[in-house]
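After the structure tokens below, expect a handful of questions from me.
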Amino acid sequence: MTEPGLYHILTLSALLFCTGMYGFFTRRNLITLLMSVELMLNSVNLNLVAFDRYVWPEKTEGLFFSLFIIAVAAAEAALAIAIIIHLYRTHKSIDVQEAEELKY
Amino acid sequence: MSLLLILIIPILTAGAVLLCKTDEQVKWTALAGSLAQLGVSVALYFLFVRERAITGQESLILFEERYPLLSDAGIFLHVGADGITVGMILLTSFVLAAGVLASWNIVYRVKEFFLLLLLLALGAFGFFISQNLFLLFFFLELSVIPKFLLISIWGSGKKEYSANKLALMLMGGSALILTGILLLYFNGGRTFEIHSLSRVVFSDRLQQVVFALLFVGFGVFTALFPFHTWVPDGHSSAPTAGSMFLAGISMKLGGFGCLKIAMYLLPEGALYFSHIIIVLSVIGILYGALATMMQKDLKYINAYSSVSHVAFSLLGMGMLTQTAITGAVMQMISHGVMTALFFAVIGMVYERTHTRMIQEMSGLMKTMPFIATVFFISGLCSLGLPGFSGFVSEMTVLTGSWEKDSVFHRTVTIAAAASLVVTAVYILRATTKIMMGPPQLPGENAVTDANTKERSAAILLTAGIVWIGLFPAWLTALIKPDVQQIMKRIAGL
Amino acid sequence: MTDFFLLLKNELGLCVLLLFLLVMKISGRDNASFLLPAMQWLLLFNFVFSLLFNSGGRLFGGMFDTSPLLAFQKAILNLALYLSSLLFESWLRKSAHLAEFFLLTLSSLLGFFLLISSAHFLMFYLSLELATLPVAALAGFAPMEKRSSEAAMKMILSAAFSSAVLLFGISLIYGLAGTLYFKEVPAALKEHPLTWLAVLFLIAAFAFKLSVVPFHLWTADVYEGAPASVSSYLSVISKGAVAFVFVSALHKIFVPLKGQIQPVLLGLTLITILIGNLFALRQQNIKRFLAFSSITQAGYILFAISSLKAESFTPVIYFIIIYIFSNLAAWSVASVMSSSAGKENQHDYAGLYYRNRFLAVALVLSLVSLAGIPPAAGFFGKWFLILQGASAAKGIITVFVALNLILSLYYYLKWIWVVFQNTNAGSDTITPTRMEKTGLILCVAGILLIGFWGDLYRYIVELVKPF
Amino acid sequence: MIYTVLVLLIVLFPLAGFLFPALWGRSLFKKSAGPLTVVLMTFSFLLSAYFAYLYFFEFGYQQGAYRRFLFPDIPWLEFSGALAIRMGAYIDAVSVMMLLTVTFVSLMVHVYSLWYMKHQERYAAYFAYLSLFTFSMLGLVLSSNIFQMYFFWELVGVSSFLLIGFYYQKPAAAAAAKKAFIVTRFADVGFFIGILILSFSAGSMDFETILHKLTTPGSDALNTAAAQTFLGISALSWGAALVFMGAAGKSALFPLHIWLPDAMEGPTPVSALIHAATMVVAGVFLIARLFPLYAITVPGVQEFIAWVSAVTALMAALIACVQTDIKRILAFSTMSQIGLMMLSLGVAKYEAGPVPGYTASLFHLFTHALFKSLLFLCAGIMIHFVHNNSIWKMGGLRKYLPLTHLFFLAGCLAISGIPPFSGFFSKEEILLAAYRNYFPLYVLVLITSAVTAFYMFRMYFRTFWFYNLKGPTEKETEIEVPALIPLVLLAIGAVLGGFIPFGNFVTSDGHRMPFHFDVRFSLLPVILNLAGIFVAMWFYKTKNKRSDIVQEKAWKLYLLLSEKFYVDHLYEFITRKVIFQVIGRSAAWFDKNIVDGMVNLSGEATQYVSAAFRKLQSGKVQLYALYFLLAILALALITILK
């Protein structure tokens, strides 16, 4: 077993990203959807950090970028949860399929 | 005289109409404006002839004025007039004045009606005097909404359908024109000026493509077969003045564009497609005439007959001979006046009988002799009786077509001439049916003959067709140098 | 230091406004009768101010980049916001959270300003989020309104998804180029399969914001559910800003890939215009209709952008200015109609002309302008877009784009026809407020006059030249 | 100069006679339109008489021949190059003779109409139309340019239309007017194309040039034109044949004759003027104008003309034998007589010096104008008296209408070719021309002539003798004095017109032609004609059933004749069934369903596609994200695959 290299990590992050997407496409609970998005964002973080470490060791932009992503993701989650709560008030449910009134 | 006056008068009139308080004021304002326009147009004719005599160079565009509008994008307020333009302006002013008079009995939303009518006229005037393709396209499109609203608000029958069909089909034509203009722009040194574009030598391939785009695009406006189906529905649903304008002017925009833009700028394209144009227009002539025979509604009769008549001018253009093209222009002008008169009379009849079906009318000669006479006159003009403009122009087209000495050209000329019989059949069928026979007094309506306004409208237009019909020389002299120039470009290939 | 203030003056102006709002909120003076006129005046000042003292330069270690052109773009957005504050007055007046509305809008606008000026992907991402998130909150602004909360949910989820995709693309670019500065990226981009994927991810994110088919699906739902003022913000300011950014991003970042990007953009253009038209055709709800109409407009903007030339800025900016007037007027009428009696359907507009001539004329003119029919300015705007697009596209594509004008004319005419339809659909009076009237008059004047205002176009051309 | 003014005045007086009543017929000239136009026509007639005098005796005869003059010659519409329509007056013996004939008959009819149309509704309009017709006819005969002739050709057509349809409330009149116009219009299209062929071959539209260029053997124009063929026939022959088609339409030659009998729905004086004396002979005039062309360049076409005319002459004469409507009998007789005139032109061989056939034709045209209008005017009186057109409703009229009886008899004798009445002389010359050049046609003419005598006297005896009409209860005056004048004058013409030395004035080349008279040659036709008269007398002089018996015996023949050889039915079939039902209907169907259908279809297809795509906007936010992803993948795939 060799030490994990860039491609391992990239593969992992890609898998993570796909998992997130899969969750986003299939889950019905809004909170879970949000969590799936977080997974996707985390895969991006992983990417950035890995690139920093393996490809551009002399730079730190990726690192900082991932920090900002985490912060913004938190804000986003907060807002999303607020909206979901609002949705719960109006729909009495946080099932995404309950909110399909707007279409066509 | 500034040519911009031609644009300013309708705009000012529209503004004045907007400020009017009562319907009566609106009508008089519109009438005054349109008469002023008529006066200016007639003055323009005389000034033009004088100017041309002074300058000596016959094919010059006179009264040119050029102001930057969006000059960075090649857009100039560039106007100018040549002989054909002057003829078209005269035609438009005649129809406008007559249209205002013929609309005197409008009671519903008078102000809006006249506003839209003036806007429609503005579009036509602007189109004819534009020397910049952008400006030309601007004015061409300007009339979309007025046309649509005139039909959909004041129209009759299946007006929504007709208005939509008309607007959309014309938009289709505009789309093709737009593309053609853009192609010219990019390949012609980034300019919209007709004058500059006329000096560019375009490649044959490009000429063919752009010519097809422009000719079909303008062809939709002028009811080129098979793009004519907006005509019957559109004309029949429109209110009287609307039909007068649609058939009298709007269709001519297309013909003018075909000639002065497509053929003038792209002579090689014209040569290349000449046969196709001829075939399509002959089909249009015969087929329009045959389809007219089966119509029962007066407006449909005139609409289909317009398809047939306007195809004559396309035929003349396709023939590419001096005489034929001269005839084509004359036919445009002649048909414009004639069909406006026809629609005006149909409107008068409809107002009195409340029907346009020929089988429901009879013996109108007895009950409304003036209207019947005018109806008959316009019918005679339509079937090409000497003394009226239709004869002169159609004969010129046919004579010009005969100049082409090949079996194909001769055959189509004979076919086109054969339509004169069909025209006679449907015109006389309609005329004898509704004018002659025992008078059928429509029930409770006290039928009156035309009133003064209607009479004036009819007399104005009748004077036009008789004037051209009896003294065509002034018109040919007016347009001859410009046609010669087009011919020179075609022959120069 | 003066540079700092001068270069950041638009952003700082917004910050001042935000501070003002906060103070007012805290001090409890957030009642509509005071705050609304105050905000209207302040936004007007802000707009006028944004027109003055514009210069170019860089800040924050090159992450922030501004120029007179970019400043002008911001001024346009300022104008749009000012007009919105007039045009949606009656809705704003009714709203219980006026201060919050402005707080959120202004923050979002601040985000867009920074987005326009961003020269670094981090800046880009942050400002994009700053621009997007408040709007999601705004979408759910209607209290206890089912459709509104659904819209907000759809907005935030879609936005989060798209920003995840965008970030993934950015991370790939970082991995490939080793830099996140826009101006350094092109040189460092290597021929690599992942490059193209990264670029596609980025384009997709732009397309999402610009509502380009097939990334547009959220648009109609959100526009319909959200209050008209928010939808109009999305459709005018958001779209305009993203279009500006897209043009400069394409010009700055993706230069080496022009050859590959152009067919993609052209393909997206065609499908956007077509699908937008096809959907707009059948809409009965005015907000949904305007949503699809705005998708089609986005298609035309994309057509101009697809020429991938710096000059494409000119028609885009010019069009956006016109689009602001036309579209805001339409949205405003929709808002007045909606807030007076919750009327959003086509048949509610039947005979509007005979009930409120002013509103009807404004609506018709704006629709005419959107359809691109003269004498409305939309004709000029669309003309330049198509002209720009045609400069690079094949003739056949231009024909297709032009022929789509037929389809769009059809549905605009349908609405116009409805407005003039003579039915006695309703006798209730619909009265816009004075400010709304003022705003509509401004819009109508803009629609009628901008096309003939050659200096404006020349000014834009001059601005774009050094770019 | 003075001649120009004279010619112009001759033409302009009738024009004024049209314009004044047409414009102010309801107000100013409501009552006075008749007298006004009569005065104007009198001026016109007097001037043309004076002009004819000047031409024949003062300035026209120079160096041993009548010369041609072009009086005013104004360019009206220029096509390209030398092709132009010029409006001018082509003065030669023929046109001067026509001028005189037209103005004279027109004046007579005007005067007669003062009485006949009194108390009619649209009194002013009637006179306006009459004057319009006269104006157009004068323009036609004076034409110097073939296109100018076409111009006026159409104008006489429309005046004819107006006058046939004068009683517009009668559906039959409306239909007849329509029919007349359309049939002649059809022929005119042929005429028009013929004009194009001829004038393009000659490079000009002026008669002078056309005749010069196309009849000079070996000229360039002739050679080039002869080289062009279509269906194996030279272009010039086509052109000449098509011009003849126009002439045939106007002159009601078979098979374009069907409109003339129906045209009798118009007022009787109109029939006298237009459908007997002047307009219908325009075809003859046209062919006479172009006579050298036919005789020299295209003799084949000339022969064709001869046969067509012969068929028409005989056929019309036969049909006339079974007709019952007095005006229709006269109409068929007109057809027959025009056939004879045309035949005379058809058989005339070109020779150096005056061509006798040519002169014969125009002589017959002249005499026919006089006696046929006389007959029509008499018929008008009879119809006016009986209030019916049918000869079965008449009988024994000689007691009530003694003057008319006299005039009518004179007319009948003239048309039957009994010496010394005018018809005898002119017909004699036609017979002579046919005899010399084309014997089979001579036989046909003889038969026609005899049949003519029979049916004319059938009509005469049936109406004035046969049995005594039950006298009208109230005493009606036969005719008023003013209306008598034209009858007297025309009768004088009909009786004595033959003694005019016509060959001294009107010949094919302007040279005078001595008049021949050979009793031996005249004997046979006169005997045959007299035989015809006696047969008619035997049948119809007294009340008897002889004719009925013959009718029953030969009912098939009778049916064939009374149905006019079924030509009308054939036309009816072609127009109604073929053109209207098949072609017209399918064109309309095609337009409504195919062309329009395509437009509607594209609209519906758009709607359909739009509806089909509806599912895309499912409202499910997850699907939106999925499409988002799929779109990226699709774009990536497409670009990679490319």
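When the chains are written out, they are named A, B, C and D in that same order, and each has its own residue count from 1.
To be clear about the criterion, a residue touches a chain if its C-beta (ideal position, glycine included) is under 8 Å from a C-beta of that chain, and two chains touch if they have at least 3 such contacts.
Because the structure is a prediction, the values reported are computed rather than measured.
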Exercise. What is the shortest path, in steps, from chain B to chain D when you may only step between chains that touch?
Worked result: 1
Exercise. By C-alpha centroid distance to the whole-protein centroid, which chain wins?
Worked result: B
For this session: Quick one: point me to the chain whose Cα centre is farthest from that of chain B.
Result: A
Exercise. If you tally the C-beta contacts for A-C and for A-D, which one comes out higher?
Worked result: A-C
Problem set entry | Computed distance of Cα centres, chain C from chain A, in Å | 27
Exercise. Using the average of all C-alpha atoms in each chain as its centre, how far is it in Å between chain A and chain D?
Worked result: 97
For this session: Return the distance between the CA-based centres of chain B and chain C, expressed in whole Å.
Result: 42
Exercise. Taking each chain's centre as its mean C-alpha position, how far apart are chain C and chain D in Å?
Worked result: 77
Exercise. Counting only residues that touch at least 2 other chains, which ones in chain A make the list?
Worked result: 24, 33, 96, 100-104
Problem set entry | Where chain C touches two or more other chains, by residue | 153-154, 157, 161, 165, 220-221, 282
For this session: Pull out every residue in chain B that's touching 2 or more other chains.
Result: 168
Exercise. Which chains touch, pair by pair?
Worked result: A-C, A-D, B-C, B-D, C-D
Exercise. Which chain C residues qualify as touching chain D in the complex?
Worked result: 153-154, 157-158, 161-162, 165, 193, 196-197, 200-201, 204, 208, 214-215, 217-218, 220-221, 260, 263-264, 267, 275, 278-279, 281-282, 407
For this session: Over in the complex, which chain D residues touch chain A? Could you list them?
Result: 614, 617-622, 625-626, 629
Problem set entry | Residue ranges of chain D in contact with chain C within the complex | 606-607, 609-611, 613-614, 616-617, 619, 621, 623-625, 627-632, 635-636, 639-640
Seminar exercise, completed: chain C partner, complex, touching residues on chain A are 17, 20, 24, 30, 33-34, 37, 40-41, 43-44, 47-48, 50-51, 55-56, 59, 61-62, 64-65, 68-69, 72, 75-76, 79-80, 82-84, 86-87, 89-91, 96, 99-104
Exercise. In the complex of these two chains, what residues of chain A are touching chain D?
Worked result: 21, 24-26, 33, 96-97, 100-104
